[in-house]
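What follows are several structures.
Here come two complexes built around subunit A, the first alongside subunit B, the second alongside subunit C.
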Partner chain A sequence: MSYMDNTTKKRVLREGVIKSIWLATALISAVAVAFILGHVICTALSGFLFNTNWNPTGTPPSYGIAALIIDTLLVTLGALIFSVPLGLATAVYISYVAPPRMRDVVKPVIELLAGIPSVVYGFFGMIVLGSFLQKALNIPSGACWLAASIILGIMALPTIISVSEDALFAIPKDYKEASLSLGVTYWHTISHVLLPAAASGVSAAVILGMGRAIGETMAVMMIAGNAAIIPNPIWNVLSPVRTLTATLGIEMTEVATNSMHYYALFGVATILLLITLLINLTSYWLIKRMQTGSCLPDRMRNWTHSEGMRVAVAAVAGIIVVWFLSAVLGILSAVVITAAIGAWYFGREKISPKFAEKSSFGIIYACTAAVILILAIILWDIFANGLPAISWEFLTGRPKQCGLAGGIFTAIVGTLQLVAGAILITLPIGIGAAIYFTEYSHENLLTRALRIGNDLLNGTPSIVFGLFGFAFFVIYLNWGTCMLAGQICLAFMILPTIIRTTEEALKSVPNSLREASLGLGATQWQTIRKVVLPSAAPGILTGAILSVGRAAGETAPIMFTAVVFSKRFITRDVFDPVMALPYHLFALSTTVPDVTTQHYGTAVVLIALVIAIYLAAIFSRRHFQKKLFR
Partner chain B sequence: MHSLKYFSKVSIAAAILVFVVLAVGCIDAVDPDIITVSTSTTALPAVQALIDAYMDNHTFADIQTKYYGSGAVVTAVSFGISDIGMISRDLAPSEKEGHIFKESVICHDGIAIIAHPSNTVDALTLADLKDTYQGKITNWEKLGGADEQIVLVGFNSASGTRTTFNKMVLHNEDASETMLEYNANGAVQRIVANTPGAIGYVSLGYATDSKVKSFTVEGIAPSVTTVTDRTYPISRPIIMITNGEPTGLAKDFVEFILSVDGKKTLANHGFAPA
Partner chain C sequence: MTPAIQANHLNLFYGTKQALFDVDILFEEKKITALVGPSGCGKSTLLRCLNRMNELIPTCKISGEILFRSENILKADPVELRKQIGMVFQQPNPFPKSIYDNIAYGPRAHGEHDTGKLDTIVENSLKSAALWDEVKDRLHDSALGLSGGQQQRLCIARTLAVSPEIILMDEPCSALDPIATSKIETLITDLKQKYTVIIVTHNMPQATRVSDMTGFMYLGKVIEMDETQTIFVNPAEKLTQHYITGKFG
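Take a look at the complex of A and B:
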């Protein structure tokens, strides 16, 4: 610096100062623009997005949905804490640990868990879990965040298990063999090679499970207490909460059409759609990564592998788990459990690999057993209490005394009519779309966009279909509540499943068959009709049956559009309303105070119907799989 | 192609099943006469009893019911979704705009204040109630009971019972945000019956059960008698509305409700005469 004399130094300094002054002015203008824009947007949204007071009938009314969004996220978080460990452990069990015979038992059990209608989960949560929590924890009301999270966690389990199982299944066998041949234990292979390799798929499973929990309406509405408040303090899992979906479910039929409140509910639905859109796009991206074979992107991998990041994640997860445990089991047991986990985490290097393997497998067995036990408890409670109600009169009579006496014949037939109509509408459209995707088009921008659209439709919460049906068919087209509106809403809901399963079925037909047919001089349509479709038929059939099962158990899409509480005769005109089993169960359990065998009887019939449909699907799949491999 | 044969068998069976289901509706020889009644949940048990009684004597009548909050009942009737509506509050002036509703008061209903049977408090004043529902009193001790936190149970925002309660007890001020909200009397009653610290408000017909106890308000116990002579302070009319003059089955059913038999049925369900 000796060559720089004093004046030069000063000049450099002055230049620097001047430069920073101009920079500051430039910044001010940028900040001002950002501030003005931000302020305008904030003010515009402050009454809606950032306002925690949802009180549409107050004077003056207030339509703040911040509390609803926060509650939705909290309930979902709770559900994930419950379901992710259980689900992952079960998926690992099914993929790697279970002997083939056990796998054949556990997989259908998981599918049955997925088949139980959400209104039955809500009924079980309200009657059994709610009062159990109330007595066990000695709290004023069992209708709370914790109850909702547990039930939603159970409902998210099948999604998490089946998607992560697919991800684990897709990992090349070489990985496992290479690892084992190095002499490490099986558990080490699973935990350090296979699970990390399936990371994208497993995260997609968690995110899809999250979407399932966020989009659920009926169960949450029946057990969460529905007070539009943020829990105080925020980790108070025993506080009642109200989610976005529950708000729609409760208030949609209750508001005057075209009032401010009505529009506010559509605002709620928009936010709900945006959240699920985000979730679905994320899972779409993750699954895409899994299919192209890459794991997490490099940057993210470095990130997850850095020691600091791991400690931070572990700390956050630890704190969250301690919240939950301390609320559920009391501070003392929470500390003990946390200490045990901590001791394991820091001491694991010293534990012999054999012991680590044994204890980990022990935990995995326990988790799988817990999942099966949950299903057993639910089914046992419903069937033990409901079977006495089943009689000829119950199955063939019409409801009397608000459903406390008489039968449910009109509801059974109504449900069958709804799903029959829905499947008649979707099957041609769904199969047609799938044929276009697989047979006529090559991967291009249009098909990719259409496919993403289909995936997004698949993740749309069922209540949104109901909302749309109510606003469009019932009010705008002035059809009134009618069977056709419900059938169309259900059809939209199951359309993505039909398209996807048909596509899979068509793709599984070997190309050699097509080429042989075309080579014999058949046209493309002849090939599709005589060769491709018949070979794909079993897959299409299975998909269709599964969709029928799902439609039969749904309440939210038909609640506003198609059903009445009671009705004497079977509906003959598509423009007349129907009774339906899931709605009947919901209506009975929320309006009629005493829990009677009639409630349980309705639940039994509903579950039996849905399970019968699912079993048909499982059997037809087995039947054809055996055929194909013979 | 074995699977093809099997598939065609299955699909034919499925098609037959679908066809049978759709056809079952047409087996009945008669063409039923259908109307839809929308009712607030308050009047649901009584309305359902009226309908059961009416349909027993009219073989071809099919009177369907839907239940909502009172606000939605008005919407349903004005959009023609329902032929008859039962609401548990007065029609608001804004609701009457553009429609000619025919209104008749079919009965009066008290709103009972209920709690868990183990509760030792017997009497409440309207002021106590207001403070409790606004979260100013949070423990039963302050009302002369045991040291137990009060759990507020109420209705969701579209309910006529809530509107009446807010008007007569809270003077149109907001209830505490911690209030649990349900959309039916039955649900409120069950929560209160299962929750030792709860307080709730329900239609009188839902308070007669031994699973809950009801408080005297300003010294008056809720009953058909005290609602009839209007000494019980919290009551409201149940109003039947139709969009214009009813015709056909709707007209016949409306006449049945207003007849002696209809009034008897209403009284049996805890409603006081109009």
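Take a look at the complex of A and C:
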């Protein structure tokens, strides 16, 4: 620019310098404010949030929970690394690949996996997985991060599978036809149209699975080793860990009410709630986003489509997987597996679609088989060792020597009482709420708030319900440990599941049916009662059954509120404590060092009870469906 | 007259119920052939045999032969076949992706990843489907935001992007309003310069407007097949006459 002479240049430069100086001062003040605030908050929390030393019974006591948070996240990450691929593959198998007859086999298997109580998983983890790891890896104790992650992964599988299967199943069949008619292989259709179309549901599945893993208490308590330390080095999967939930489960029973330690435990529960809150809000936001606009805005699109970004994501994912695998299986196999994945990722555009289809389906079959095998191993172990313990005496006798011998009749009855009470309380509320959400409400601030509240309740770890029940019913209302408190806690715990599944079932009833009925002059309630509810009944039933099964096997919500270790007589008053199967198994496993047939016998009865509930459910669902489609 | 595709002694069963009875039919190249007939006469079933979409129904059994390029497609690979014989469905069924990604889906799946080439394919396909001018400024918006008629033209463009030889249309206008219908009809007439089009329709006037040849089907059999003019003015069979004059159906 020739018209700009030297003086002008200088002037411009000077102006620029002056501007920068003011900017710097402005920045300094902003940084100062941030620093002061940050320092105050850090100092305030450093004893709690950023302190890695959890030792409430030491002198002086220390209440740092950083190690607990990190352990929780590590255990969850480990669980997801293998449950997400396995779960997604199985969901794809069930919804798209399986012939109808196989689907009828695999689906109940998944439901069964979901129905196995967490305390049984913990028991299996202690007895079988723990000692296997101990021998195979030659470590002092099998209770470690790896064991906890494996068990939690198995426990998260049914959630991931069933939620993503529902999402996949809901994708219109039109997409499949449209894609196939373009001469595209079925696998390409699944991976490029159907799975992306179900992305919101699938990510919800993963996040719910994650919530399941973070919120689990009993199994983790039994197999994670429970040392409140950060693994050293951080990828040492053989290190014992202690999660937030386990801390609550272990210490809540031993702590003096209203002591500093007591409040610290509620602090732990608050952090746990905040984490699950964060998870749930993320998933909520994610799903909303995907529902409203299925396409990303241009800027994000370019970002996700850029080659560099993809490579970066692949690299990060690769590093995490290699870490985990090399710790579990050894360096060599980790490298081989990673190389295979990398070869697939970068070579996939060159391999023929036919080959891609064959190998992908092969992997999917293998994953599904693995899931079935896991269930088979668990059931085989429990039943092979437990069935000999079952006798008439065992089932109908009363406990002797504080439950170490004798029968478990009172525990069986107690469990049934707890579950019956819970479902009676929760079913009318849950179905009513779901009807309101789907049939009556228009989207407004109130319903949105209610819906978010419900989602948050759903993500709340079961131990928190127990904690709440303990603080409110047992201590504040001064009911003491009693059956009613346990029933209410269980009812709260399964309420969101019932609402959610009922809502899903109601939504899956096509609107045309409602319109047809309304068009004939039926009122809204008539339409709901005669048309919508009958069509949705199988779905509602499934939800209710899964909830009952879950309630029957839950330990965490009842262990501070309703149960005692041993009780000779059946409870007849709701304000008396009960004996329950899952807690009985937990107490036996953690207090009696030698594994006895008493353990296995209790586990068998517990599983058999749950299976019986499930079978009843599956049959009645089939019955309903037949009636509906005839 | 060159045959594009022909069926010989085609029988089709859904479970135990027979839907097609010994069908012999020949479709000419670069012509538009309409299949008409009352509901349930098997015209859609016949159409869906031509690119083997019926095989998605597990109970479906087919015998006979369908010759395409002098090869029996019932013994060929369905995936390869469907690249050559595209299909447009009754309900517009765009994928929940952007307009661009909908069109580029087929070519990408068949191994085309060059951005420049894909851009050309997308533009040409949309132009051939008479949709380019309406969407060229929002190619990366969701296809689900288009109107029904636009969606159906998008589906046609998506089919064209794979450059098939034959395009099968299963009542492509039955879910659309008259204006959208007339746009699609104009489009179909333009398509015959490059493609063989076979269209199933319920709408008699539509058959007369767009097609060169018309086949009349009844109860799973092809009753008559001739020039559209002949079928509608002077059909050989009494049954055809009754149907087109509206005595049944």
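Just so it is clear, the second predicted complex is superposed on the first by the 541 of 630 C-alpha atoms of A that agree within 3 Å, B and C clash if a C-alpha of one lies under 4 Å from a C-alpha of the other, contacts with A are read in each partner's own complex, and residues count from 1 in each chain.
Criterion: a contact is a pair of C-beta atoms (placed from the backbone, for glycine too) under 8 Å apart; a residue touches a chain by one contact, two chains touch by 3 or more.
All of these numbers come straight from a predicted model, not from anything done at the bench.
Trainee: Tell me which partner A:59 touches in the superposition: subunit B (first), subunit C (second), both or neither.
Mentor: The first partner, subunit B, only.
Trainee: Quick check for you: in the superposed arrangement, does A:571 touch first (subunit B), second (subunit C), both or neither?
Mentor: A:571 sits against subunit B, while subunit C stays out of touch.
Trainee: On subunit A, which partner's contacts cover more residues, subunit B's or subunit C's?
Mentor: B
Trainee: I'd like to know which partner A:7 touches here: subunit B for first, subunit C for second, both or neither.
Mentor: Touch status of A:7: no partner.
Trainee: According to the stated criteria, A:401 is in contact with first (subunit B), second (subunit C), both, or neither; which is it?
Mentor: So A:401 only meets subunit B here.
Trainee: With both complexes overlaid on chain A, does A:229 touch subunit B (first), subunit C (second), both or neither?
Mentor: Once the two structures are laid over each other on A, A:229 reaches subunit B alone.
Trainee: Please work out whether A:420 is in contact with subunit B alone, subunit C alone, both, or neither, and reply first, second, both or neither.
Mentor: The answer is first: A:420 touches subunit B but not subunit C.
Trainee: Could you pull out which subunit A residues touch subunit B in their complex?
Mentor: Interface residues on the subunit A side: 53, 55-59, 130-131, 134, 140-143, 225-229, 240, 242, 250-251, 253-257, 261, 400-402, 413, 416-417, 420, 423-424, 474-475, 478, 480-481, 534-535, 537-538, 541, 564-572, 576-577, 587, 590-595, 620, 623-624, 627.
Trainee: Per the contact definition, I'd like the list of subunit C residues that touch subunit A in the complex.
Mentor: Within the complex, subunit C touches subunit A at residues 51, 53, 56, 58, 79-84, 86-87, 89, 91, 93-98, 105-106, 109-111, 113, 140-142, 144, 155, 158-159, 162, 164.
Trainee: Enumerate the contact residues on subunit B facing subunit A in the complex.
Mentor: So the residues of subunit B touching subunit A come out as 1-4, 6-7, 10-11, 18, 21-22, 24-26, 28, 32, 34, 36, 41, 44-45, 48-49, 51-52, 55, 61-69, 71-72, 74-75, 79-81, 95, 149, 151, 156-159, 162-163, 166, 172-174, 177-187, 189-191, 193-198, 206, 209, 211.
Trainee: What part of subunit A is in contact with subunit C in the complex they form?
Mentor: Interface residues on the subunit A side: 99-100, 172, 174-185, 188, 192-193, 196-197, 293-295, 298, 301, 349, 353-354.
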